[in-house]
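Labels run A, B, C, D and E following the written order; every chain starts at residue 1.
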């Protein structure tokens, strides 16, 4: 889908980025100053790379070898800028519909729907200068959504939004990506968001892309610890909904070798879903425990134990084809005499599993 | 006749002045916007020359500018003769000529504030417009131009005031013909030419000042509305 | 009927124009500006029927450039030069010492001797009288006679050199001395027809200018009319 | 310390805020558009309230009754604006030192220290226009820190910073507050940050302050669910370090009635510390389990069960004077036959407890 | 004498022009900055009147302005007499008077762009400066003024050009004295007023155009450096 291989220079920094991603959400993840905004600007056509090639779903946007450089307005990339960049002289409404009346992009996305999603109903007649920080950001998101884009670039769009609002917007983006088939390039500092949303993860560090790949794979890579942030390591598993228990508000997901109970997953029986299970939320037991509030307990086999210095140990457990990642103290590893190959019981609290869904292709 | 009633010739001069200044502005403003934008956004080899040409009417004494106009746009001048032959337009000794002189003299005053405003518009907003599909001209019309409105208004008011008061180039180019080219400024000059004209001169000065005052107040009100429209703090 | 007339003739021309209109019913429109400006405009094809010059040189220029009909050039009045001072000033003898005493380091207001005819004549006269050396360093050359007059009236300069006609209508000044008529070239106001062919009305007005009514008006404003034929 | 009771009008919204806070960090927490920025602007003197009173450590900053309204520059409030507001014509260095050369505020905070903390060493000669989003924010923080303030207002200062950088800055702010005795008014959407940092929590909602108080108390209040964000509810407990196990990297904290084992807490024996335990990290067992990697298991008594609709139940357990909050599924509540008054075993994973420390007064 | 060698009187006029324009600018610029700031940032009852007064020299024919100057600043004028008595400063018929006339005429042209620039400076930055302890004047000098520099430069260049070319008010106020008040513009006028002066006028036009061109180029370079200094995109 999106295929990038470019190099250039930003200020003092040599810039060299290469990644490919399939449809869905591609996250750009990296420290402040790593070059994320620069990379998105190059893809959008606002900064010209020194050399290389960018193509999006078959269309070549930039190719230094052939001298191709599609102008910004022809790239049809909806861009949520890090600094909202609203038009100060236009009302919120005119900002939102700018692409329609000025860009002649019809698009069939529903205006009312977007306005409601972003909670902008009462702000439509206002000027950007009177909006709060979060309100500005929401208008910027709406404006890009309504521009009928072929690709949506979002540069830290949720940075100043509260959790409740994020929880509204993220599933929408998710849906957008799947239903409308619009790929999203998502810049974020929050590994939570990244893991929740993305299919492909691109790590950016000092203007380079040391690694990219499917997010599940990237999140279990232990060599990217610093970039992904240790506290938030985890694993993605996929499974099929086998039962929805209306009474207790629980959904049962068969991940192959175990059935997980998850709160209130808005899915129907038969759906394929993807779950993120954080390593810090996983406990291990040497034998199946009893009388515990933890509802998910299933056997698995330890495939790797990486004891870092400090109090932690990272443990990967195989469960048929899937891998679960656990972080426990080194002390517990010793106490329970854990070792590679040993059978253990994996414990996961139901409430710890993110409420999210994705139909995998 | 009371002191406060305008005499017919005063009315005539006043209306003519307004017509000349308005026509001068109507023609120079679009051109000034274009030139200001080009000077603000592009660097090209002839940049300095264009810039200097724009300012030249300011540096030369108006009489010289008027004389140059007379030589080029006069009935016998190369451009004047051509326009007359081909389009039947003549600037010689009529109010359109006065408007031309006023427009040329006001031009540098209009260009500079507009250029400043264009330079102050954040190109990032134009980038945003383009990313939303607006082509160059559309993004100029919907983003850059509205954001530069304070400067355009500022340039227009300077230009209008200058066009109203223009004297040297006008009298040299189109002479001082009542009802045709005798604007308030020229009438005022005429009045000062004889000692007995003092009262008339004083009256004309008041009229000119009053019109200018009205134009300024109007422009201030417009500017304030604009500022509110542009979303500045209402408080 | 459009007449391009030197700004210094405004008062007279407007009265003559009014009288002419009363008599013939033809309205006269005047365009007043500096003689030089008008001469160049006439040359450039201005829609003037008549050109009234306050200066023979510019009329010569117009004739040379074929801007006016040479045979129509006509003298309509002459003028004289006077030295003026404040209204309460006392008569002055045209002697270097007296003038220097009166100036006392201040300036003599005069129309610009290089550009304005009144100044040129004034300079010629002062040279002839042997006073030029004395005052040339203390001149205040004005854009036109009117400003020179005003600056004396207001007391900015103690002495001014202006036309007699100007001095006559400004109550704030007094004539301190008349410069002899023979000390400078004839100060001639010349009129000529411009258009080819000249209209009947223009010819009538040119004739009217030298006629008794016009001459009377000119005289009443202090112009010298005895040389007009 | 900071004592606010003001009312006014912002746009359409009636604004009425009242809170008091002691020294330390006071967090302003509320949804986007709730009025947080407006409130900070009023305290800083940039927006004039219609009426009311603001005092800071004995100095009256504003008092409509007495007509007092101290000008901004005399309030000595370091303000990190939501929109960084760097001076575009000055280098990063001149921006940072602005308060010194233009404001004549000497201050003894060390320039080099602040620059290093914020990682600005290589940016000192640059102009703000060339900085990345996160870099701008860091400069803004540095500028306020170096202005020798009596109060530090930080309006979502960490919004676009990555986790690693946050982990550097938060303890510094913490230290600043304690060592230098500078109170901080902190605006944040992240309950994590709020809980980690603040002493007092002020909830702001639609221009009103429905509640404020010590953060521990506020976080256990179940009526503020929506404002604090359900997923992140939890409890604060305090305790004393009784032992530091260098070998396993564990610290033992006696919270009265139980000793918790916590990874790598940078504390010494005898220190008083405060721990945040998220409800979602707490599991319950009807009897003490065995062979579990979960190291913290201690008995407690159920004092309240609030069953919301949906799959969750919130349970408060008393442990001597302290309260622990647990979120488990309603299904588990039924399975384990939990009821108020029942003795249960509380299970908390060691790795789930935030690495943080505060010396309580 | 070759065509390209300046004659002594041309040199004299050129140097005088530069001196007059520089002096006019030196005096009006600070005042213009003050007035522009007040007009941009404060609303007060006399706002419109001040604004109108500033623009008046633009609307009236220069001759009238010069005449008004003569009446007020002339040796016998109320202000002129006072200045003469108290400070021994006299504007009558010397180059300082020419500078005064040029300054007055250039004033509205200087004020407008500066005012625009002040209005474009985000008051939020001033707030930030104050929150960092900078008092009003300091925050003005360290934040507002530097950010308004493009407009100040723009106003200065307009004013300088106008001051160089000022003619009507100057000749009326301080007359046309070679070496004292005869600037290039006046010399140029003098040349056009004699039938044989065409060549001289042409030479003087070239000189004036050249000086203006040089000043403009210098200001453009300065503006570009400024833009870089203000942190615009270097690319």
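Assume a residue touches a chain if its C-beta (ideal position, glycine included) is under 8 Å from a C-beta of that chain, and two chains touch if they have at least 3 such contacts.
Source: prediction; values computed, not measured.
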**Prompt:** So which chains count as neighbours of both chain D and chain E?
**Reply:** none
**Far-end chain from chain E, centres as C-alpha averages** = A
**Message:** How many angstrom lie between the centres of chain A and chain D, each centre taken as the mean Cα position?
**Reply:** 26
**Fill in**
So, in whole Å, the Cα centroid of chain C is separated from that of chain D by 91
**Item:** Distance from the mean Cα position of chain B to that of chain A, given in whole angstrom
**Value:** 57
**Gap in Å, rounded to a whole number, between the CA centres of chain D and chain B** = 60
**Fill in**
Touching at least 2 other chains, the residues of chain A are 83, 130
**Request:** Check each residue of chain B and list the ones that touch at least two other chains.
**Result:** 63, 67, 192, 233
**Prompt:** Tell me, which residues of chain C touch at least two other chains?
**Reply:** 150
**Interchain contacts, given as pairs of chains that touch** = A-B, A-D, B-C, B-E, C-E, D-E
**Request:** Under the touch definition given earlier, write down the residues of chain D that touch chain A in their complex.
**Result:** 11-12, 30-33, 36-37, 82-83, 122, 126, 130, 132-135, 138, 155-156, 159-165, 189-191, 226, 229, 231-232, 245, 248-250, 261, 263-264, 280-281, 283-287, 289-295, 309-312, 326-336, 347, 349-352
**Request:** Mind listing the chain B positions that touch chain C in their complex?
**Result:** 63, 67, 70-71, 74-77, 92-93, 171-172, 175-179, 181-182, 190, 192-197
**Message:** Which stretch or stretches of chain B touch chain E in the complex?
**Reply:** 47-48, 51-52, 55-56, 58-64, 67, 108-109, 112-113, 115-117, 119-120, 123, 150-151, 154, 157-158, 161-162, 164-165, 167-168, 185-186, 188-189, 192, 201, 205, 208-209, 211-213, 216-217, 220, 227, 233
**Request:** Provide the residue numbers of chain E that touch chain D in the complex, in ascending order.
**Result:** 124-125, 127-136, 138-139, 142-143, 146-147, 229-234
**Item:** In the complex, chain C residues that touch chain B
**Value:** 2, 4, 7-8, 10-11, 29-33, 37-38, 40-41, 44-48, 144, 146, 149-150, 153, 166, 169-171
